[in-house]
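Multiple structures are listed underneath, in structure tokens.
Common to both upcoming complexes is chain A, partnered first by chain B, then by chain C.
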Partner chain A sequence: MRTLIFLSLISLAFLHGCQPRQGGMAGGGAATDAASRVYVAPGELDEFYAFFSGGFSGQLSVYGLPSGRLLKIIPVFSVDGEKGYGFNEETKPLLETSFGFIPWDDAHHPQLSHTNGIPDGRWVFINGNNTPRIARIDLITFETAEIIEIPNSGGNHSSPYATENTEYILAGTRFSVPFPQQDVPISSYKETFKGVLSFISVDPKTGHMELAFQVLLPAFNYDLARAGKGKSHGWSFYTSYNVEQAHTLLEANASQYDKDFIAAVNWKKAEEYVKAGKAKEMPASYFHNIYDDNSHMATSKEIKTVKVLIPSECPDMVYFLPTPKSPHGVDVDPTGEYIVGAGKLSADMSVHSFSKILEAIENEAFETHIDGIPVLKYEEIVAGIVSSGGLGPLHTEFDDNGHAYTTFFISSEIVKWKVGTWEVVDRAPCYYSVGHLMIPGGDSKKPFGKYMVAMNKITKDRYLPTGPELNHAAQLYDISGDKIQLLLDFPTVGEPHYAQAIPAHLVAPNSKKYFSLEDNVHPHVTKKESDTRVVREGNVVRVYMTTIRSHFAPDNIEGIRVGDKVYFHVTNLEQDWDVPHGFAVMGAHNAELLIMPGQTETLLWEPDRPGVFPFYCTDFCSALHQEMQGYARVSTKGSDTPLKWWVGKQE
Partner chain B sequence: MKNLPRILMILSALLLVFVFFFPIWSITLYAPQYPGGVTMYIWINKITGDTPGTLQNINILNHYVGMKMIEPDSIPELKYFQFIIGGMGLIAMALAWVNRKPFYLAWAIFFVILGALGIYDFYLWEYDYGHNLSPDAPIKVPGMTYQPPLFGKKTLLNFVAYSYPYWGSLFFGLSVISGFLAYLFYKKRKK
Partner chain C sequence: MVLSIVTILLGCSQSTEKRQTAGEAASTIQADPNDPMSNKGIGPVKEVVLGELDNAMVADGEKIFKQLCSACHKPEEKFIGPAPKGIMTRRSPEWIMNMIINPEEMVKYDPVAKQLLIDYNLAPMANQNVTEEQARKILEYFRTLE
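Then we have the complex of A and B:
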């Protein structure tokens, strides 16, 4: 009897052991001493800044690595009530487009600026996918400094990738659209639609962007891009799918052909054609918005023409590289020799050789021509095949020891392989269904290596459940040894499609602490409390207000009438680090102001009823923050309440 | 070295030039919110801080307990003290030319007295800032005064204040010593 009980216990244990445990495979398989390797002790600082795109949040999140601590969310394409971004008068012009004010976008790919093919810590660029735009974020202020709209694009996905010295930021259209945009039957896709690649030049001093030229290509879906580097500097590469040119049920209709293309563009050649006057000046409408750190305001300008190059008129500028199975990522190794195309519907990856591409062009090893663009022979350009054993390859980054790491969405893993021999040397599971991955400097000529982050599309049971919607999971791995080791899981904001990281010492010393009040040239700045005033211009009332711990000046205002447009121009007189003041007024239809020291910001308030309405400081600024408040009296339309304002005198 | 006293007296004058280029005193405040400290520098003719905003920041902190604003423009010593130092330098040059032993001693003693008066004056200012508090102060702690230390460390509510002479005072001191040496060497040789 005793033996029987014993046996049944054993069999129960066996049965239980056969089922995978909940909570991921064996709890996630972290390395045994993972905790100490990601622990950044209180008061200590992270080794890397990591910039994660917000995906459908439209913003850019800044994390510290290896801790996975969220440092800041920088509003870029979406309005952000927390910071008043897109709500205050100063930042509204940043979100102007040819479609008017657009308060949201889908931000996919952060790109650090490069010098000599290495991240230099000056700017981060990021794409707006839905209403095609590219933003530049300044790493001195960690704020959006500039946004440029891209005309003739239908979905700015293959963007924004930097050339070796950030000469250009690359952009391509995921959705081809009629060129020029017009009312045509959708079934005329093959005849009237085009795919456009854009080259945005970047001023090396100011960072200011300009749409230098566009290249008109057949109506495929241009998915992702990378610039060449080292020996392939001067070229850029774009994956395409839907070479079938389907316009409905793409999941089947665009997956028919065995191979799609990587478009290879010789942009130095394109530059020459532009200089030689070969570009057509086409009518367009797109907006260019710049924020100025001294006036603390953005200005917006419409631009009405764009230069377009047509490959059939510009030989030797564009080539198509046949690449199997709807390639998604196209990644260039640190030497610039190998171009990895990840055919997302296959198990294997084709790696093209840049030298072989040049040779094939030299020998005119062309399969055919499409719209005057030579299609190179696949066998002539392929350097090797990575037989990964995984399914659904998407993206590849590189370490500092000659390895490549590729994500596999379907088999939910990252595979490490050797560049040149194509042999798989290690693999690590991801929780779950990894999209992009990131290695600090992993897209550059000199990867910093050490860590790798997987950005996963599916979260499920990784964290405490929070209802149907879950934050996306990121995973941090140590790649300094032979084996990939999982260190940390952390939730992210929105859907980070891609991230980039840079050693903190290249950025932190430049970080601004506050704006100099002396340098503030905002047209409505108030630099001294004695200059504060309220001015009426018709039904516009301008309140020239200051903040300093712990009061507003003025803090009592009378003489506002229903129907007035009241502009609170608030200047923060503080000149110390981390002393922002907030400003919120009851019934405002926008948001708060969050004013950094030395800055001026403006809130529009349109009171719709008589009464006395409080306003107050929203950022806990000091011991007497709760006392930092005031009243605005609103009288009926046409009333003769005199315009008065004061601070500090009790009547 | 017949000319040694003269050289020392000229050195006294030259050392005073440095007093114009370095603060004479520094006061540093530490608090939980100011891990790096906030330092104010007192010069013979101005008050500065470790950042352009320091004086404003100290005034903001001080106003909570009712201390007066530190306004360099309203402190007369900052206007005339530089002329005293400059004048003493010119006198030193003149004395080096005259080269009389008792004058050297007189100059040095007078300068010591001036220095002592300066420090006493500084103490009076500190006393005034620390005790002459506004009755409307938001934070009133019964019995509490906020006079910073003249020399050394003192805890004032959440702040710990450190007050020490700075480079300017060192040059001042060396100038005085050089004056005394001029007197001493003169004396020795005549005996």
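Then we have the complex of A and C:
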């Protein structure tokens, strides 16, 4: 009987699901057999890893596709109490900048590292937009491994796009600022402001980033970028808006002209100029922070100069490509021949031909020059116009069958068109107001295809209401057939501006299970329980503590005094997968520690009152997890309570 | 019916490799698994031949024991887990090594290990990813704890 009721409930649910929803968008738009195509059975694994930017959360979310299951949130630019990121002493240096410790940023565009123009599964880069930075996330540990600050930038938006072999990560500034930064009237914008494009080199072995050089451009807003590939390898492309150079009410004032520019930079030429000593060494201040997996610590370094190339002194390095209506996305097709500029205030998109660009340069088909930079003639470089009938084109990605897919924000849809003929072959609605889209490998020389994800700006009625604030909606489509088919809605964290995905088999086998205790070279590591101890150095007390299922050593500590700075250096002695221990102490002004097996992490505790305070493990670790606790006794300032510690029996 | 569903679920949650190990080991269990000295346990170690005491191995074994095991085991007294002192007279060498290398399956399927888990308040024997070679050295060290 019970089974019967249960079955009929299920069928009811199914029936209900098939009915057009009352009051909402009709039917929700999903393909009829969508459930079976996104269902990943318990114990089964997803086909793709997808990395979604967290937008104003500052983090990077990892999802499985096609299920849409959230696998992990990797803290990058924002502190994260869940993992102690930015709260423990080891990760604080990662968030150091020339402005000091910054606990938040706005992270927009994840970029997988490429080898031969194809995602290689080694790293994900992501930009910090507000206090300009680029982070590198290691796909062995799924943790932030490095963050570099970008000087002379006023908003690191057209970033961090990778060249074909991740030789460089591109970083253009959305907001132009005085160059060098100084106290000037805002109205001197045209004279004193500049837009800077940065080239961050990446060490192919270690992944370590370095600011190789910057290119100084007129004060436009450099919005988005892509590197060339295949035949256009060696070039990079940046959309701009506000060539009007307005500094107030841009909503109206930056939309005066019919065309803005795509800046095309020949970075191989730029490299030659740097080698030839043409770059100016300019004073700067920016931070470079690296996390080390053996010391389990980040270190921070301030760098004080930067190499700057000035186009008027470096001919044949930069060109402007006129492109209609404040182009937003600039996307390069898998062959590297076509450069798609999505004029966000129009219905059509102009596609430039790289071969024609080279020809126009050869023939000096220049309209004019701006600050010594040739502006190519629009009609000489356009390969075609995509007349879609949509409104507000933003971003384009590519599949493995010669198609491009472009999002249209205003008409809230994705349009599929044929590269080369520019003919529109299909379109699918998005719920609602799509921004970026993503196809696995869709920015590469060999897209993996199969799925497409729309990242929508407006959620409204797609989920149960949760008050005024709603998580942004992502939508998964099947693009393997002629028709785009909607499969799944799933909520995301923060605002996913962009995402990238990669087949799981290129990443999963390398994923680390635990850190070897033997390789741990943290300056305050404790490798065995017999080495645990408490040391006083003036008003600094260092607790060398270990964890194993399920006790702390030591778990009783006396002789701490009000006003002390107590550092708990906790080493997790476990050597097995998925056995982290947590550590939290009452009244701490930071967060917990979440210590991976074999890792050492440090919590600073500054007790402000006498008493006996408990500490405990926060991550359920065994049947005796509730027993994993201890006490720290705090005496008054100047008291003579002797420093003592023990576990098990008092010694 | 219920039982077979449980079996299928358990089977799916383990890797093929692990299932084979358990299967093979099951067939090698000696006459009475409850007789601690003839029970070889479950795991990769099938036969250990003890020769003359190797002092270099003892020293290595003691070092590994201190690093990976001493948070829960004191050589001569009960702590979180039992003391290894005198273990050579209580368990077979194969059982000891399998317990070190393969604790999850041991406490699930081996009757002696199952009872030990209960006797020690369900404190888990942590898998410290000790290699067979390291476990053999720990065993050599245990031979000195008479």
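Keep in mind that, in the parts below, the second predicted complex is superposed on the first by the 625 of 651 C-alpha atoms of A that agree within 3 Å, B and C clash if a C-alpha of one lies under 4 Å from a C-alpha of the other, contacts with A are read in each partner's own complex, and residues count from 1 in each chain.
Everything that follows uses one rule, which is that a contact is a pair of C-beta atoms (placed from the backbone, for glycine too) under 8 Å apart; a residue touches a chain by one contact, two chains touch by 3 or more.
Values in this document were obtained by computation on a predicted structure and should not be read as measured data.
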Should chain B and chain C be called a clash or a fit once both complexes are overlaid on chain A? clash
Which chain makes contact with more of the residues of chain A, chain B or else chain C? C
I'd like to know which partner A:L624 touches here: chain B for first, chain C for second, both or neither. both
Considering only the touch criterion stated at the top, classify A:Y514 as touching first (chain B), second (chain C), both, or neither. both
Quick one: classify A:I548 as touching chain B (first), chain C (second), both or neither. both
Looking at the overlay, what does A:Y257 touch: chain B (first), chain C (second), both, or neither? neither
First (chain B), second (chain C), both or neither: which does A:Q575 touch? both
Per the contact definition in the header, classify A:K527: touching chain B only (first), chain C only (second), both, or neither. second
Where along chain B is the clash with chain C: 4-12, 58-66 or 94-102? 58-66
Which positions of chain A sit in both the chain B and the chain C interface? 514, 518, 548-550, 573-576, 622-624
Hey, which residues of chain A end up touching chain B in the complex? 514, 516, 518, 548-550, 573-576, 597, 622-624, 627
What does chain B use to touch chain A in their complex? 51-53, 56-57, 60, 64, 138-139
In the complex, chain C touches chain A at residues 12-13, 66-68, 70-72, 79-80, 121-124, 126-129
Contact set on chain A toward chain C in their complex: 43, 514, 517-518, 527-530, 546, 548-551, 553, 573-576, 579, 622-624, 648
